[in-house]
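Each of the next two complexes has chain A plus one other chain: chain B in the first, chain C in the second.
Right after this comes the complex of A and B.
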């Protein structure tokens, strides 16, 4: 039955084959690709392939004024833009020796925690989708939209707010805003039980994610893992508490940890972080009415602002881990160099490559999503 | 954070024994060390092995084109004290070669690969110096100061006049929002 021109294909003496996942694949977060070598359905090697989202932010920032860059930085990371702009502003304030008024610092904390909630709601939706559950995404996006409504009210922008300037925030909160914030917090808290029933205590989720992509604390430290992924291995380190910025040292909150270090632990850490963010926001809503004063310090003409020469390393705890800006000024009106260190530069490259090896192909998406790997931070 | 002061104080005393080291306390949990490029691996070994600076936060590269030098900054962090040490070295811009610290800090692989791609600095001993982000780019390393993005765009791409008919119609009506 063979055709006349049939020739047997000579296979290499191995059962390995290569498979590309991405850059357009529902199991991959953002525009990112993985080159897998498989034997059966077990991954024997994985190589990350970035660059599909490179926009050259660091180079662009060198050609723009210090103030203009505020409009640029939030665009680096879509799910969690507030941390990007505030971290940049902190770096410039360190260089310029600016004293941020207390009220502005509290407003910034509010913005950061609201942003963390939006990022985590997105995260739960993405993780659930890798297990074939889509309701969580619909719920998460719907609840995230309510937070975005608040963003729109006090910053003017839903996603990219560009609300911070070096030295403070653009304007004070509108009247009656804190009441709306409290109402939203009550609503989010009442939703947690629904999320628990739907997702976090769901039999399928727990059994599907337990033991997937595990790492122990030793490995996590060696690979440079930070943030919730590190806390999922049992190390209670949080930049907000251990290297505090803004007014986090005046706020009470716990640092949730899990011991297992697998996908389930990473999910549960973030579930409890969501609750801690709500707790922080309640304290902010309590405190803000008593903190009066300006929301920004006087600045020189932003079009001719020469920031004193020097360098600064500003670190914050973003929703994904340690985010840092290394900013260098040579005394000019534009940055000489800005280096962005995103947590996903570790999580999406080395950590993902290492965790993929030995796992099954259907776990790859779950590992990537539970690590909260964000490709735009890698490419910049 | 009482511990942290003691530990960094001890560290300062140890560092005084190094040659050509300038230590500067920039803030409560920030320390800047300027050191000769030859002595950096020994310093990092000391910081990691004896003082608990196990986390490499980042390696930053700064192009000081007027001095003909690259500045490499190694930011390392101690989880015990929350203190961040930035070790600054300068290397010659040409040929721009330095040693990898991958054996001490595995996360260095990403940063070194990135710096090689963006600045053209080669790190000897780094596990992977292949292209990563700019896979199809064969021009000069773009983050170098002599690379002018705007000049490159003007030389490479043609400007197109964008003037479709619907836009001309709107303009003829006096512009504004289309009802």
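Right after this comes the complex of A and C.
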């Protein structure tokens, strides 16, 4: 420690004490830390401490060709990488005026919804684990793996698909893929009852999550909350419906909401979304055989590709909330600046800090997990 | 939406539900290994037979995981565009995005269906692997991620070049190719993957990747600067270069090569002549060496050497026998392919460097070589091959049988050449095509109809002429008869040429690879024509050397012997161009550079020795 950085230690009042949770802690998602001030086991103040996972994505993107960034962006959010690459591609397509063929748009919707399912299955596992229920986690991870098998089948990669390029997708679907998709959807739907029995018919889960970390709609809007966390406060806002991208305007789906705004409401919203995703995927599986044509528009050589100067703001509804890419091009072969609006930025910092205050220490992990805050997306 | 039945108070019977799981399939993964998906992105496989070492994979790799490794055992051929290097992958950096596969110009790269790599203890030394077709550590897994033509990230289609219709072309000797517009040029330039195969294959080693990049960036003056680093005949080469670069272009392995020649032409056509002069002049040395050099022949080799030597500060005088400078570029190539103004532009830039060009002076007649030697430190012969070779078939000494170089020269000199309604050209090279097409244009002007036949020894696949030239010749209604050898000229009762008898060719070379055509005498045809033109090659006119010097010089099977710099056995006498190294403009340019470098170095040694 250098002398100019030295600060006298300020001790809390004698009845309070400080506790650091993280950056490596089973109750924290990813490398992230919370500095809590406690009175007994009640939190009186919380300070979020990000930066342990900072990899400088936004800066790295400025040094890479438009095409090369496709391999970089999925890494920003590990549980839900498809939204990252597709949102980036949408932003570049806006700048370049690229016309994405219809078949590619449907394939993208399929990829996004499959990715949402993997993220939500992961989420149930994580939330259940914070309450000490590991069966749910094992099931969630095992069922997610079956979805990853499908990703492997059509994108060539299990987790980081790197399957989209600005202008479309890199490969068409393999033969017989939609049959496998339908079989998986049937299986997942049949599993929902098991999840419900294990999780929602569980006295411990309901009692521990009801009333934990509540926020009302007013607070949610002030804090910049989006996605399922916002819908858990009763506001039916969903980018897929309210600012449709790809072919979501041709697909029927409902927007599940809950009123309570507490941890239970947040879990329930996601549980219902899982079902909606299955519903969307069934429509995709119905439609795709009738949508023929290329899966990518003609592109220039990726090594000599100048995207016209300008800026674009592309937003999608990721599993965590509203994800957006603000992309600026100065007409060169690399982005001049990319800013990513990761939904977890808000959920993991101001929301988590505010909701922690007044809660008990054992609820901190649950609050963070039910908010589905994803630290890699905070530290971009 | 189904209602989720969540309860705040569970049933006491809930635990009994678990019993139902006893009868179900476990959700955990099976323990036995299973094959990865057919599309899986595993470890790299590289087909070394297909790979040309172009390093495009290295350029697209966003993690800098690919390094090109030189492998001395592999064949290396700059002319064919093959390098003895192959990509090696650092698996500590690779992210398996597969972009390398999707941009690979040869489609040699693919990814395997290997999930997890296990290897022996002694193989654990590195993450750095040189992929080959046999799989990592010789454990082969099937191909996973590969591409089809639709999935390619590189553009295999060339921008089409606007040109006039054949009927319109034949009406005049005007240039019929319009050149790229800006949009097409940018799109065409963007196809380049900057592999540099073109640079390696070009006899003059032109900086093609650099000027293509500059054209893509629309910095045309930079493109001109890059072109002038190695070639003062940029307008000429932008139109008639035999473009070895395009045969070596890595995009050409599976698609159409980048139109490097047309891009050069685009850059030259879109920068003003004044700016080109200023850019080329900027490369000139300010110092004068005080050395005087004479160059005989104002063709591409002589003028390139003159340009280089003048750039270095030497006083250069070029002597040309014909009324205008340009050599074979002006008097051997028809103006529909290469307009005189473009040659004049190139030569004007060379003159602006301080080169003095004296036309209408024939060395050996007006001035002797000995006189030149007296007044200059070095003399460079760039006299080319001025005499046409003859087939020596019966009747070939008839006045109605012409040599193509003579006839083309007469046409470019503006003489009236009377052509009969039908003509035959013997030869299968570019000169034969130029001759036939010129004759067709003259026939249209004089008779309103063209009828020209080309007979060539080679079969259609092995014709020596450029493919594009062959296509254009065919479009202009000229008949090309491959695999037919000339037998004799048919001379009628009034001693006029009436046609050419040809005979089918069985083979051209004997088993030792020597030229020994074998004919099928049962297949003889008469091609009626009032004119026969021989376009089967040229030879040098070395009368200017004089008897005494010819005696003194060293000869190699009838050719003037030079070292690899172009110096003859007489240290002051140098030779470059077609005279010693054929056969086209770009080779002459390269040879001119080589001779200029040689002369410069020799003069420096000479200065040191005498100091």
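The definition used in the following text is that the second predicted complex is superposed on the first by the 366 of 380 C-alpha atoms of A that agree within 3 Å, B and C clash if a C-alpha of one lies under 4 Å from a C-alpha of the other, contacts with A are read in each partner's own complex, and residues count from 1 in each chain.
Heads up, the rule we're going with is that a residue touches a chain if its C-beta (ideal position, glycine included) is under 8 Å from a C-beta of that chain, and two chains touch if they have at least 3 such contacts.
Nothing here was measured: the structure is a model prediction, and the numbers come from that model.
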Exercise for the section: May I ask you to decide whether A:51 touches chain B, chain C, both, or neither, giving the answer as first, second, both or neither? Expected result: first
Practice task
Determine, under the contact definition given at the top, whether A:301 touches first (chain B), second (chain C), both, or neither.
Solution key: second
Practice task
Figure out whether A:243 sits in contact with chain B (first) or chain C (second), or with both, or with neither.
Solution key: first
Practice task
Name the chain, either chain B or chain C, that contacts more residues of chain A.
Solution key: C
Practice task
Using the superposition on chain A described above, determine whether A:19 touches chain B (first), chain C (second), both, or neither.
Solution key: neither
Practice task
Name the contact category of A:223: first (chain B only), second (chain C only), both, or neither.
Solution key: first
Exercise for the section: Tell me which partner A:78 touches in the superposition: chain B (first), chain C (second), both or neither. Expected result: neither
Practice task
Kindly classify A:148 by the partners it touches after superposition: chain B alone (first), chain C alone (second), both, or neither?
Solution key: neither
Practice task
Once the structures are superposed on A, label A:379 by its partner contacts, choosing first (chain B), second (chain C), both or neither.
Solution key: first
Handout entry: Touching both chain C and chain B, counted on chain A across the two superposed complexes
Key = none
Fill in the blank from the handout: Per the touch rule above, chain A residues touching chain C in the complex are 64-65, 67-72, 138-139, 142-143, 145, 149, 152-157, 160, 162, 165, 170-171, 174, 196-197, 200-203, 206-207, 210, 254, 256, 268, 271-272, 275-276, 294, 296, 298-305
Problem - chain C - residues contacting chain A, complex - result: 1-2, 4-11, 14, 17, 27-29, 36-41, 56, 59-60, 62-63, 95-99, 102-103, 111, 144-145, 150-151, 153-155, 187, 189-194, 213, 216
Practice task
State the interface residues of chain B toward chain A in the complex, per the touch definition above.
Solution key: 29-30, 54-58, 60-63, 73, 75, 79, 82, 84, 86, 105-107, 109-111, 114, 118, 132-135, 142-143, 149-150
Handout entry: Contact footprint of chain B on chain A as seen in their complex
Key = 49-51, 54, 56, 58-60, 63, 221-224, 226, 235, 237, 242-243, 311, 313, 315, 322, 324, 326, 328, 336-337, 339, 341, 345-346, 349-350, 378-379
